[in-house]
Structure formats: C-alpha cells, structure tokens
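Chain IDs A, B, C and D follow the sequence of writing; residue 1 opens each chain.
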Amino acid sequence: MADTTTTNGRVRIPRDPSDDYTQELAAARRAFVQERTGTELRHVGHYSVDPATVQGNIENFLGVAQVPIGLAGPLHINGEHARGEFYVPMATTEGTLVASYNRGMRLLSESGGVRTTVVEEHMQRAPVFVLDDALEAREFGNWVDERFADIKAAAESTTRSGQLSYIGQYSIGPLRYLRFNYTTGDAAGQNMTGKATLAACEWIRANHPASPRYILSGNIDTDKKHSRINMLLTRGKRVVAEATIKKEALQRLMGVDTETLFWARQIQMAGSFLVGSANNGAHAANGLTAMFIATGQDVANVSEAHAAVSYTQLLPNGDYYWSITLPALIVASYGGGTGLATQRECLEVLGCYGSGNVHKFAEICAAVVLAGETSLSSAVLAGDWVSSHDQLGRNRP
Amino acid sequence: MADTTTTNGRVRIPRDPSDDYTQELAAARRAFVQERTGTELRHVGHYSVDPATVQGNIENFLGVAQVPIGLAGPLHINGEHARGEFYVPMATTEGTLVASYNRGMRLLSESGGVRTTVVEEHMQRAPVFVLDDALEAREFGNWVDERFADIKAAAESTTRSGQLSYIGQYSIGPLRYLRFNYTTGDAAGQNMTGKATLAACEWIRANHPASPRYILSGNIDTDKKHSRINMLLTRGKRVVAEATIKKEALQRLMGVDTETLFWARQIQMAGSFLVGSANNGAHAANGLTAMFIATGQDVANVSEAHAAVSYTQLLPNGDYYWSITLPALIVASYGGGTGLATQRECLEVLGCYGSGNVHKFAEICAAVVLAGETSLSSAVLAGDWVSSHDQLGRNRP
Amino acid sequence: MADTTTTNGRVRIPRDPSDDYTQELAAARRAFVQERTGTELRHVGHYSVDPATVQGNIENFLGVAQVPIGLAGPLHINGEHARGEFYVPMATTEGTLVASYNRGMRLLSESGGVRTTVVEEHMQRAPVFVLDDALEAREFGNWVDERFADIKAAAESTTRSGQLSYIGQYSIGPLRYLRFNYTTGDAAGQNMTGKATLAACEWIRANHPASPRYILSGNIDTDKKHSRINMLLTRGKRVVAEATIKKEALQRLMGVDTETLFWARQIQMAGSFLVGSANNGAHAANGLTAMFIATGQDVANVSEAHAAVSYTQLLPNGDYYWSITLPALIVASYGGGTGLATQRECLEVLGCYGSGNVHKFAEICAAVVLAGETSLSSAVLAGDWVSSHDQLGRNRP
Amino acid sequence: MADTTTTNGRVRIPRDPSDDYTQELAAARRAFVQERTGTELRHVGHYSVDPATVQGNIENFLGVAQVPIGLAGPLHINGEHARGEFYVPMATTEGTLVASYNRGMRLLSESGGVRTTVVEEHMQRAPVFVLDDALEAREFGNWVDERFADIKAAAESTTRSGQLSYIGQYSIGPLRYLRFNYTTGDAAGQNMTGKATLAACEWIRANHPASPRYILSGNIDTDKKHSRINMLLTRGKRVVAEATIKKEALQRLMGVDTETLFWARQIQMAGSFLVGSANNGAHAANGLTAMFIATGQDVANVSEAHAAVSYTQLLPNGDYYWSITLPALIVASYGGGTGLATQRECLEVLGCYGSGNVHKFAEICAAVVLAGETSLSSAVLAGDWVSSHDQLGRNRP
C-alpha cells in the first residue's frame, strides 16, 4: 500500500518500503502529482521499461522522460579498440545537433577516418587527513607512501574490479589531501572508489599512531565539477581522437579552406586562453551529452567530460592535422544506467554493451566529438552556422 | 519513400527530405539500424511523443531514450518568483540521487525554506574582429561604443524577445573580441543571440570604413564550455539560493553538527581553490542535470551551469547560513525542448511551462541545488555517504 | 637619539620618531644588525642616495641593495607614445638575461621595429558590501548604479589625478563586490584608489538606507596577485607590442626558421592552456622585473604584470607576425620609487621620468618583453638555450 | 678598448670581448648613455660591488640600482630549520611595507612564534616529445618509464647537486610532455635542470627507436609564469608557515577581533575563488619581493612564488589558527645573485648564506609572508589601511 502520510503539515510522496518499484507505486505517485499540482503525467507514464529494473537507478520512480534520439553516421574509426563504421544514437532536443555531427562524420570518414586511443585512465576519491601541523602532515604522507601495499590491499578488499594505481598527495597547512587513483574496469567507478577509499582510510586511522581525523572528500576529487587537476591528471579516461582532414574534402563538404581554419584557430586559442575556458575547442559537450543520455551514462559527468584540448597543425601539403584530447571522459559500458531498456539498446548499436567494452566506447565518444568540432568550426567560418539553426532549429509556434 | 542510397561505399541513413518526421521514417531507421548492427530497438521504438512534434529538436529521429524520473519534495521556497511547496521531477540513472536531494529538501523546508532570486541575466554571442594592428583595434572599439544604438537596432531587428544590453570588449593584439550580452525572454537564447549578433556584425562591416573581417565566435562566449569569464560576468541567469539551517534540524535529520560542517567547509574551500575547481561546493551538476533532462533543457549546458560559489557563515546561535550562487544557469521555460511531450509535463508540475516562467524555474533550480549541497555535505561527514550508495545504488547483477 | 628599548625581552630596532631618515639612524641600525647577528653591512652601507629622500618609500632604512644594471639596445619602437631608438637599463642578477633581450632587440629593430600602444587602463580597489540577502544585494547594486555621479564625486574629492571610470559589480549570495575602476594619471595608483574608494564607501554607508557594512577589499582587486579577472578586465595598463619578424632576419640572427617557430608555437599554446598558465608566451617576467627594479616601480607588481597573451600568425610570405598583450602592466613615471636617485636616472635614460610619460614607459616595457620573447623562443629551438646560460650564467666558484 | 662600432646605422653599446667586467667598461657605457640620451648616471655609477664579480650575473654592466633596505623584526620562528629571532632586511620602495610586516612580526612573536616547514621540493624542466600519433606517444611514455634509471643517469651526469626525482607525463594528441622534477641542493636550479634535461633528452633521442623530435620546453615548466600545475605539484619549495594568533594579542596590537577576521575570511575566500586568483590571501608578493631583492634571489620568480593558499580556523577558545602554504617558492642560498656584495650580506644577516641553508631561508620567507598577511588583513578591517599609507607612503612633492 502506498504510504502518503503527512508529517508536520508536510505531505509526503507515496512510498512502499516493502516494494517500491512497481507499476502501482509509479501510478500512485503520478496520481499524487496530479492531485497536488493539477498536472496529468500522461506521457511521463508511457514507457516500456519495467519498474522493477530501475531499482538502484532512481528513487520515487513515476515514469520516464522521453528524449528524442537521432541517428548519425556512419563514422569510420581506426581506433585501438573501436574499428569500423559506426552509427551513433544521439539523444538531444537541440535542433541541428545531429545533422551537424553527421556531416562532421562524413568529412572524417572521407578523410580516411579517425584514429582513437585511450592514453590514460584514473578514477578518484580524494579524502583529506587533518594533522596537528604541516610537519606532521608531511610525515604522515611519508608514512602513507611506505604503507602503500597495505593500503592498497585494504582498498581492494571491497571491490572485484577496482585497482588502486597510486595515491597523489597534496599539502595545505596541516592538511594532507590524498587523491586515490583507481582503474575501475568497465564501470565509471565513482561508488566503487568511494567504498574502497573509505576502507583504506579506516585502515589508515586504525594503524597510524595519531589515528588522524579525515573527511572522505576534501573536494579535490573533483567529482561532478570541472577542475584543472582533472585536466592535468586525468579523470576517467584520457582519450585522443585525431584525423588528417583532406584540404579538398573540407572545401567540398564544408565550404572552407584549411588555411582559413588554421588562421581562425590561432584566434580561438587566444580567446580560450584569455577567458580561462575549460576547452579550447568548439563544443565537446554537445556530442557527449547526446551520447551520454542515449547510452545510460551518468549525464552529470558532462560537467567534467566536456573539458578538452584541441591541438592542430597545417601540413605542408595543405591538409589539416586535427586532434582533440578529452582528459576527463567518465564513461561505463556496464553498471549505472547502462543496463536499462533503451540505454542498453543504444550501447548495443555501438557494440559496446557489457564487459570489456569501455575503452571501445570511450574511443567512439572521442571520435564523435572530433566530428562535431570539424562541423561547427567550419560552419562558423563558412557562414552557415546561423542559417542552419534557423532551418533546423525552429521549434516554437 | 525512405532514401537509403549508397555514396562511395558509404551506406546512408534513410531520410525523406519531403517529410522526415513520421512514424514510418522512424521505423525505417530502426530497421536500418537492426540491419546494419543486429540490434533491435524495441524499447527505443516505444514512445508516445508524436514524431511530427520533434521537428526542430532532432534530425534522423528513430525513437526515444527512456530516462527514469523520480519525484522529490516538497521543497519550500520563498523566492522572488517561486513561492510555495514544490515537487520536483528528476530524471537520472544514478541511484541515491533523488533520495539525497529529497532529504535535503526536507531539511531546508524544516528550516523555514529557501530564499531565491535571479540577480543578473545575460546570454552571449562573442564575435571577434580582426584589425590591422592593436591601435586600429582600439579605435575600432571606440567606434563600436559610439554606434551602440545602431548596432543594437540591427541586432534586435532579428528577434522579438531578445534585447542587447551591452557589448563587452576585450583586446588581444590586433583582435577585438566583442561580447554581445542580451536578455532573451523565456528562451535560453543561444540561437537568438547568434542570429542577432550576425546581423549586428554585418551592420558593422557595412558601416565601418575598414569593413573589417570577423568570425562570429572568437571562443569567448564561451558556449557549452565552463569558463572564468562566465563565472564572473554571468551566462544565462545568475541565481542565488540561501537558507539558514537550524542547528537542531541538521543534527536530527543529517546527524551532523553545524560546527563540524563549518569546520569541514574551510577544508573543502582550500581544496577547491588549490585544484582550480569550477565549483567550491559539492555537486550542483547532479541536481541540475536531472532537472534539465526532465524538463527539456539543453542538457549540454550543464557544462556551464554546474559552476557555483558557495558562501556560508556560522551564526552566533549555532545556526548555519548557507548560500549558493549559480553564475551560469542557462534555462528556458519556452522554446528548445520544453514543449515536447514529457518535458512539458514536468515543467507543468513545477508550474513553469511557457511565457513568463523562466525566472521562477531558475529559482527552483537553485533551490534544488542547495538541497543537494546540504545532503551530500552532511553525508560525507556523517559517514553514510558510502553506505547509502551501497544500499540505494546497487544496479548490477 | 636612537631608541633601542627592550619590551618583553624583545629587542627593538633603533628608531627616532622625531627624525628617522638620517645617516646616523641608518648607521645605528647597521650597527644594531652587526651586534645582533655578527654581520657587518659594509656594502649595504655604501650608497649615494640621501636618506632624507627615502621617507615615504621605506621604514627602518639602513642602506641599499646594489643590484647590477646592464644596458640593452638600441630597440627601435614605432609606438603611439614611444618613438625612436631606446637603450634600456635592466637590473638583474640572472646571467644571460641582458644578452638575450639585447639580441631580441636587434632582431626586432632589423625587422622594422616594434609597434606599441596602450589599449586600455584601469586601476582598481574592490570593496565588498554585506547585505541581508541576495535580493537586497541586487537592489543595493541598482542603488549604486543610480548614484554613480555622487559616488564618483565622493571618490574624486580625495585625489587630484584619479578619476573613477566605472564600478563593476559581482554578486555572491548576500555579498555585493564593487570593483572601482580608475585612471590614475602617471602614478600606479594603488594608494590613490584605496583612499578614493574609502571615501566612496563612506559616502555609500552614510547615504544608503541600510547603511550596510563593508570591507575595503573583498580580495577581487586583486592587488599583488595574478588573477583571471585582471587578465580579462585589465589592471594598470593593457599594452600591446607587435612586430613582423623577417624570415631572413630570424634565420640569420637566431638560426631558426619562421615555420619552425610557428610549429612550436602550437605546441607551446597547447601546453600553456593545459596547465592553466598565466602567460602562454615565454618569460615576460624576466624583462619586466629587470626594468621595474631599475626604474623604481613597485616590483611586487610583477606578480600581476607578468601575465600575457601571445598571438601570432605565419604570413604567406614566410614572415612572422608576433604580438604580445600585457593585460595587467602596473607602472608609474611619477610617485612611488620613481623619484629615487638611481631609479630616476634610469627613467630619464628612457625619457620617461615625470608627468605625462607613463604611457610611453608602458609601451617601452611591452616592446622589451616582445624582444625577450623572440630571443628565448628561438634559443629553445635553435639549441643554444642551455649553452648560452652555460657560457654567460656561470656564477659559482 | 671599448668597441662602439656602428652596424647598419645601429649604434652599438661599448663592449670589450676580452674583458668586459671592469670599471673602465662600466664607465664607458655610462658615458655612452650620457652621449646618446643626455642622462648622467651619477648615482647608478656609485657602487661598491667589484665589476669583476658580476660576471655570470649580468651583461653590459654599467652600475647599480640602489634599492633602499629597511629592517623588520625580530620575528620569532620555531621552524624545522629556522629557529630563533630573526631580523629581516627588506628592499622596497613601497612606503608602509616594512612597517606593516614589522607589526605582523610582533603579533606573531607575541603569539608564540611561527612554525615553518618545507613539505615538498621540485624544480622542473619540461620538454615535449612529438610522436606520430597519440598511441605512439603513449607507448613512448611507457618506454620512458621503463628507462627511468638510464635517463636519470644521463641527466645527473651533468650536475653535482641536482637529482632527478621523477618524470611527470602529460599527453595531448601526439605530444608527450615530460616534466622532469629535480632536487637542486642550495641553488634555485633553473639552469641546472635545463642542462640536465637536455642531456636526458639527447639520451632519449639517441636510444629510442623513433628518435623523436623534441622541444626542450613545451611551456609546462612553467618557468617565470604562475600556473595551476605549479600550485598543485610544487615548483621550488612548498613551504608552510602556521601560527596560532592569540585573541587578546590581535585585539591589542591590531585593533581587530578574531571573530571578525574569520568572518571576513569567508568573504575574501569567496572573492578569490570567483575571480580565479593565484592566492586567496592578502599580499605574499610584497614581502617576498622585498626579501628577494635584498638577498639576490631571481626576482622574476615572484611571478610564481607569490601564489599561496591560506587556510585558517577559529578555535573554540577564540584564538585563530592561521596557515599559509607557498607552493612555488623558488629560492637559493647559493649561486645566482646570492654571492654579490650586498646580497650576500643580507643573507648573512639571516644566517642563510651558502651551502645547507636553503631550507632555512625558505622557512624564513614563509614566516615573513605570514606576518604580512596578519598585518594587512587586520588593517583592512580596523580601518587603518588607508590612513597608514597616507602617513607612511607619501612620496610626492
């Protein structure tokens, strides 16, 4: 039975502690919403996902957001893990986005495809220990270094797939921030690393003579927040996509010359640097968000994942070497939302669902981002940026 | 008829230029996917949204992502525009998230509610003009200042709701970056400001003696990218949510003392500052992303919107003043994806669909973020962060 | 008589409140040092500056640091204010520095000289007002905008040469940071703006109904600290130096090709962006520090002044356009240390001492920085960076 | 004989390649300046330093800048290396500075003194290797890791005191930035690390199968430039100074309450974070610059050294714990300008000249910075900031 008690005049949302993930409870909550706000959740209540399967992904479930998916591709990738032609499901409500990525994919494919590779991977949890003074904090840091094997054992005792790679240390006054870096298999790993690091911290507290106080996050992880430390030291996967754009193909498909692109690049890099941007390219966030929603990634990670460094060179023959490096791509092929109904289907379209596929998926993400960079950067210069949005992005009465 | 031609060995996605937004075309594309990849898009093909309505929001539509929505609330808000008890639909696949925000809402409500207000609003497009040297660039800037009225007229001729507030100017070498700042009514306004600024730039080119070359974006907008300029000068809405947390309520509901929270706050601010974080708080991205997906916002804007500055003080009576300032909250109550089937319903639940509601919606967003800050910050200190994820976030076989 | 009393066992430095700026007191303090530390200040006590003239520049004067000055030049400048051939006194103890800048000056001079101009100027003091909540803070901001004329009058009543240009406003929670921007004539202006802003704040407090509490600096000035806001909005002078380097001259004098320089530039910009550098060029700090020490500038301002944005393009004919923009060059031709004995002489060598010369001096600074950029960037590529330091920078037994 | 030839109409500064460091050449250059600019360098030509001793520190020597030195102290330090009462020579032309630091020293001394310690040390040179693509760059990185012992041997073959600690690696596209981290004994070490890293890079080029191209600095060192990577990973010494300020002493000496200081601290931290400041404290640059000039440090390093993180807590008894962490303090007790006439004397006053003293000197620097923080922060709140500058900083007719 739905539990709609009122406490202190506060009307509570219906729940059933014994089994909250049923069609009935979802319907009861939609009815509750209608009663409280007058809004009938007709479309929200239309779904094919089984409520029983969303346990672990949501609380107070009452239906779904239907986010339109468009298909882009094929995109030719010559990656370390992703190889071949890919059709990419992108969930978005921003008109023009799919069309724009699509034409970038064509350009890249006609230029011989995209090379991709994951160059580094680390997922973090970063507790902070509070010592009596800076000298003790330094000595504590040395103590931690010396006990790395024990600490690693304590951390890894909590997880099958997580492995502690190294502990970065950062001192401020009497504080010692320890940034635990893990590999996390096919999962994104935020929960796994939280649990493992808690075990490690408890081991430290139990074994260090001072039994120092700690906080499980000192805010340098930096979870769900862009930061310079993540750009530098990688969070999730550090992935590179690179391609050599044919001068002829760029002119034919985008109406822009490679010289012009490179000239403009100097100007955009100066601007990005001046304003302290998280990304000196165009719009990695667009493609990543659309893929993240479609494939059940934790979409809030776009805050971190959208950071990027573009590096390009104009080649002597007029072709254009273009690379993009994503230093904080947090993705999973397993766990989280990846197993839900539509999300799993979309991962399967990419051949990326389940164990052993996370690097392949990361590579596809980076390749898609590069496609979007070529398309938008060209549109800005060719003058069809505004006109295409006018044509494809009209969505008001 | 669907158009599945092959060009240069490239198999193209089915399209029908005459009417691409139909059930048939969507089905044809799902069939195409199945043929090319072997994946049947059964769940993706299950939706109630009418394909005809997604024109302007997506291209190559083939179905939807079903993202689970959970309900949180009530949240008591004493805002300038948002007033009363709100139940908040949150679309996410991250277990624990809804539950955590929910308990934060309870704490805030029991502490007398959240005050909210939009303190500033600006949406930008930032072209760059290329002059012969720095001196000419400076003089060009003066010329622009003197013609502000004409430039404003040119820009506003393209839009009903956009208004040009001011043009920020930034010099690098011979380059003059002009950052056009607009109010954009109830729309987020990226397209509107692009179109208006294009008109303004064309006016400038036609009227300035040097007819200088320009690029419509010099990358300091900074669209879909976190940046320091956005934090400083606002992008979208700058919104503040603030509350005075009762010492007693925090202890009772969260198991933490306000003194402990403030002590930890010093440590977390030091950490955030050290690592160059976009946000010195906990996790604004989580709540914003869930609300953005549910309500049809452009979710890629989380890259910008997640930036925040928390400012708190421990009061003499032991209560805890807590504010969060979101300097780059990009939201709409109209246009974009807000009118789609489930998205509109969710906006209506908040009483925020359509004209005249964007400030109310922005205030609710900020209040929700504050709720999440109180909950996570407390969980980290009370030691139930990991255990609650273990209990609510298990989502693997 | 020197006053060397002991308080609480604390031996105090000799002082004479009636006339502390004499040879006798300086000698007494040197004697005190010798007595307390055993160090005879023979060289420190050797100076020609009259102790009476350092009042207002130093307290507890006991002698001078003799910092070696080397001469570089001539540097050909075609500036807005600086025009002709300049010989530049540089005070440093870093071997190779003068030689390196000197060869850069030759390259620039042989390439037709440097164009320079001051494109913007603002000196700041940034108080913060504390209101009851964010809404009041916003309304307070509007109130300030409406009273700008009165506030300006209050501020300018304290100074002959300072003029209030505009007040930037930044909101965080209930706080309203007001960033007062002034022009300050030929002075650097930190004290002048402090005094003027204090008067303005007192006027505000006296006239605003809430009589709000304020702090004269909320740390966003940001005095003596590099910051992004200073790079964006200028602190002191924003100065540009630009030149077109002849391909032939670069090869002949530096042993490097312009193509190689531009190729390397892409790599260095990527690196600078990645690591969050205050300057995407080579080493503005070196030249500026040497000039600041020689000419009596407040050398601590190097912390801010060293920020820079380099913007370059390889021209079709193989020549190399090179600009450097210094967004926070804080300099004076009058006041501060500029009137002291050696400092004034060095300013006079540049024709920059006294009223009306600060823009000229700022332009020379920027031109010198550009010279240093060309020399070091070339040395890194030509392979003589290490060897030249080995040859010129050996300074140990 | 002085060589004043004219090349291409360019009048060259007199030099004597056979022996350029003599009184005669210095005088010839002063005469040359007078002839070219009309300025007699009377005071610049007054010095006691022997021209022969400045070889390796300067080129084209013609005299000295006489920078006034004031004495502050005593400052009681309970450091790891610096212990006892110190009198500090500070070279500056900014009135009030010495007085302000002096009263901060008194406050700290009366509060029991300052604890100081060096918690980390690294000096860097950061070459970048250019590979064919990202995958090769990653594999190259692994190759480097595996040959660390050989690379270390190659690097250390060039230096007696430098030791290679570790090589940080950072990937962008096909680029692999290697950040060599050294300890450098009592020297600052920029030249030493440049030379050692050159040798290491040459070893790599000779031994790696691809013999990859490299640039000796990819601009992530980041030499003479503030950067986030330096704050995070330390450049030079990472030094902490900490003290517990007595509530009573602060009130008595500064006229401010510790509660007020802590309240204001929250506001200043919010401001610093918002604007992207290199330092969330007050003005480390002032004290460091004055000490650097006095003691022959490379003053341009103030650009990096002024970065700081303040971390404070109000204690239950009302006392105020205050720490400052300098993450990039680049100092030497030997080499560079430390051995020059006045510079050496000033180091000797602190008992810091020569081998084995660099940690002691670093600790004193940090303690002095903390003294300045307490004094200025209090002055801003007590309202005597402007009045004291008005009293002590008047230096114009």
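Here is the rule we go by: contacts are C-beta pairs under 8 Å (C-beta built on N, C-alpha and C of every residue); 3 or more make two chains touch, one makes a residue touch a chain.
All values reported here derive from a predicted model rather than from experimental measurement.
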| item | value |
| --- | --- |
| Self-contact between copies subunit B and subunit C, residue sets same or different by half | same |
| Centroid distance [mean C-alpha coordinates] between subunit D and subunit A, Å | 39 |
| Euclidean distance of C-alpha centroids - subunit C vs subunit D, Å | 16 |
| In subunit C, residues with contacts to at least two other chains | 170, 172-173, 175, 228-229, 232, 267, 269-270, 272, 274-276, 280, 309, 311 |
| Arrangement of touching chains [line / ring / star / complete / other] | complete |
| Interface residues, subunit C side, partner subunit B - complex | 80, 115, 117, 119-120, 133-135, 137-138, 141, 170-175, 228-229, 232, 238, 240, 242, 276, 309, 311, 323-325 |
| Contacting residues of subunit A [partner subunit C, same complex] | 228, 231-232, 263, 266-267, 269-270, 272-276, 280, 309-313 |
